[in-house]
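Per-chain residue numbering starts at 1, and chain names A, B and C are given in the order in which the chains are listed.
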Amino acid sequence: MQTHLQGRDVIDFQEWTKDELDTLLDVAFSLKRDRALGRRHPLLEDKVLAMLFFFSSTRTRASFEAGMAQLGGHAMFIESKTTQIAHGDTPKEIGEILGRYTDGIAIRHCDFGVGNQYIRDVAAASRVPVLNMQCDVYHPHQALADVMTMTERLGDLRGKTVTVSWAYAKSYLKPLSVAQSLVLLLPRFGMNVRLVHPPEFRLMPEVYEQAKDNAHHGHGSFEVMDDFDAGFKDTHVVYAKSWGAMMSTTDEAQENALVDKYSDWITDPRRMALADEEAIYMHPLPAERGVEVADEVIDGPQSAVFDQAENRLHGQKAAMALTMA
Amino acid sequence: MQTHLQGRDVIDFQEWTKDELDTLLDVAFSLKRDRALGRRHPLLEDKVLAMLFFFSSTRTRASFEAGMAQLGGHAMFIESKTTQIAHGDTPKEIGEILGRYTDGIAIRHCDFGVGNQYIRDVAAASRVPVLNMQCDVYHPHQALADVMTMTERLGDLRGKTVTVSWAYAKSYLKPLSVAQSLVLLLPRFGMNVRLVHPPEFRLMPEVYEQAKDNAHHGHGSFEVMDDFDAGFKDTHVVYAKSWGAMMSTTDEAQENALVDKYSDWITDPRRMALADEEAIYMHPLPAERGVEVADEVIDGPQSAVFDQAENRLHGQKAAMALTMA
Amino acid sequence: MQTHLQGRDVIDFQEWTKDELDTLLDVAFSLKRDRALGRRHPLLEDKVLAMLFFFSSTRTRASFEAGMAQLGGHAMFIESKTTQIAHGDTPKEIGEILGRYTDGIAIRHCDFGVGNQYIRDVAAASRVPVLNMQCDVYHPHQALADVMTMTERLGDLRGKTVTVSWAYAKSYLKPLSVAQSLVLLLPRFGMNVRLVHPPEFRLMPEVYEQAKDNAHHGHGSFEVMDDFDAGFKDTHVVYAKSWGAMMSTTDEAQENALVDKYSDWITDPRRMALADEEAIYMHPLPAERGVEVADEVIDGPQSAVFDQAENRLHGQKAAMALTMA
């Protein structure tokens, strides 16, 4: 167990050691048990978290804000458009100033090629921890909640197979961040990770190398596949969600055409039957029903989506309690 | 007094027994007295209320949020447009997920034919109480505040006459919910309820039967009139506000023409003089001055509008303290 | 020290005595020291502040909201556009109603010729203190933070020279309020105040008389200059920021042309060299970099801009703790 996490940023857990992650999970499950028992845990009394959103949110905002209240503190919900950022406040100024008013700064900024750098620039100027609520590259708190959920459902994760797959979607092009944080984090717990996507929907190049390296050190494995059905074969976890291709945003029509080429990449009962008998279905929500996933699957007994959503609360409370104390 | 209200929804008080309502009023007046004395009452320490708004608000949001803070808890102000509801979050998902993060979910959704069903769908999926902050059908917390105000001004409500009337308005078409919750609730306290409206501005059909039935069981009375002046005659309470006609929203021009037919339905001093000498004037605000009501009336000594607004706070605190404990 | 400040409004400190200001500063520095030591100070437990914004904000909203949380209370962030003000809520109704729900009302309303009157109308109807978070005329909490910062940097302010100057800016036309609150407040601390602006960018006429009168009573001085360079000569504090001209808003093109006439009014290293060797540079932020001020100055060792921003928190906490207790 690590006891010196005060002041640490959570930009991605790639920057945390496995020991530190184990401490975080231990605290998360302990806070979850407390809540089940109605035991108060005011660990952040009078502490303030600034939550800065450049992108809409349901689960993330509600879980961070409720979590801070349950810890005895207060989270400010700040939409970037209500601020004077458009009038010239720089990331350095945001970091310096919010860092002096608060005990932590959480940021969601998903613009491709911009969001992660923005968060790092704020962190460089801030005297308090900076928490990444999703950027263009990472979504660490989703991955943390997902590890919690897999652990609850599967027990020891070592040697278990998890399929992180692209899926079809009709609406806007989603960030790569959930898939990237997952393929980086899961092999560190000894899982065999299959990343499945059409050739055009690659993740960022450095992620492949890092995931392979993590698998090596974590005694897991990492393989890349482009056959959706093959990805389901005997897996213990199906985690299939859409993401966009990395191309210029001016090519939106072309990108949509590309997406439509793979309109049969939907998780349906036939495909779930290819997986291990006790396999679970996961999705960070919101899902496109009938497009990314069939209703029978997301609403069925193998679905773990609401536990995933709930674990956002407990995982984030642990991260806040450890870093902002 | 009823002591098992934990976990109960407040969709409309039509679904609460008279005994339960008496308990609620007793707690509301007790919390109001505490506040007058500066006595703290942290009954919901560390508890969180999610407030989800599909419609703008002044009093409702401020009174729920201030009320939770005074009870030691925290209320999250969530505008639906800042969430991923547009990206596919269903009412079931909202209920499941917010129900796991919080201790109560309050919703304002006034779209005709949609709002009440949305609230019921969230409630069906939620493990915590759901509070209706106004829908297309009901506005229970306004009616509760109004019963408190009438009780403070008139004492025992049995045998008192209250006039719930339509009034002229120029701006947008307002929901039916205030009038409907009032004509359902007031006869249960033994009041003689006059519902006054032009023939084209009927409430929903089932409300007439329910109000009559409530009057029978509550030893009050319920009558429907279409003569505005006659409605004022000797009444103890004038509660006149505008609402829209139940027709397709595509007929907006036609609906406006209909409203303009009754442009003289304004509460003015001449009409107030027809009422009982000590009659009070009530309105949930905001009122259209010079259109729904004359300044001399709303600003005059018979007006109880600010006490009504204040009682929103105390009544809602009682509802939250009893259901979310 | 003054001990009866409960219930007092902060519309501008022009309406507070020098003794009262000294008390406020004393409390502000004491709360700042507490925070440095991690000492809790829950002086406003269960108290609620309504913050009503008609204009965007970064520092003001975050510092008031974080400050209330640190004092054990809760601040509600209310954007006017999310309320029913557009549906007819009057300032009187806002004052009456929010005054019954909360323990304080803070308002930012910068529309020229409107904002200050709105705040005064709310205050007249409110039973709780009203705090001005910036209007068209005053920005008292910025001026308070600035006096704190100057005191920290310069020690005793008596006999020190401060230059409050107009500066060039390309973006929207900024309120006069910061400059006006400064030239009113600073001479009361015995400072020699130079107000520097082009002839077309005058402050409101009454401010000149009041500032002169304040200088007389405060044993400071007040002079008006129109030569930017001369304003820097041997000064101890350079406080140069842009503001708009007082003309009809329909003349926007004409006003922009006027502004562009003075495009060389930028605080740069050459000009800073004219000032006292240990002079500090101040700006309330956000600044237009390369337009109002050169990067070398605002990012350099003479810049006090982040301490200014931080002192917003401590000064406002003192004002809230004294008036809302």
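Things to note:
We take it that a residue touches a chain if its C-beta (ideal position, glycine included) is under 8 Å from a C-beta of that chain, and two chains touch if they have at least 3 such contacts.
Quick caveat: nothing in here was measured; it's all calculated off a predicted structure.
At the interface between chain A and chain C, under half of the residue numbers involved are used by both copies, so each side presents largely different positions. In the Cα superposition of chain A onto chain B, the rotation angle, rounded to steps of 5, is 120 degrees.
Taking the mean of the C-alpha atoms as each chain's centre, chain A and chain C sit 41 Å apart.
Those residues of chain C in touch with two or more other chains are numbered 74, 77. Interface residues of chain C facing chain B in the complex, by the touch rule stated above, are 45-46, 48, 50, 73-74, 76-78, 82-90, 93-94, 96-98, 100-102. The part of chain B that touches chain C in the complex is made up of residues 40, 42, 53, 56-59, 61-63, 65-67, 69-70, 72, 74, 77, 79, 171-172, 285-289, 306, 309-310, 313.
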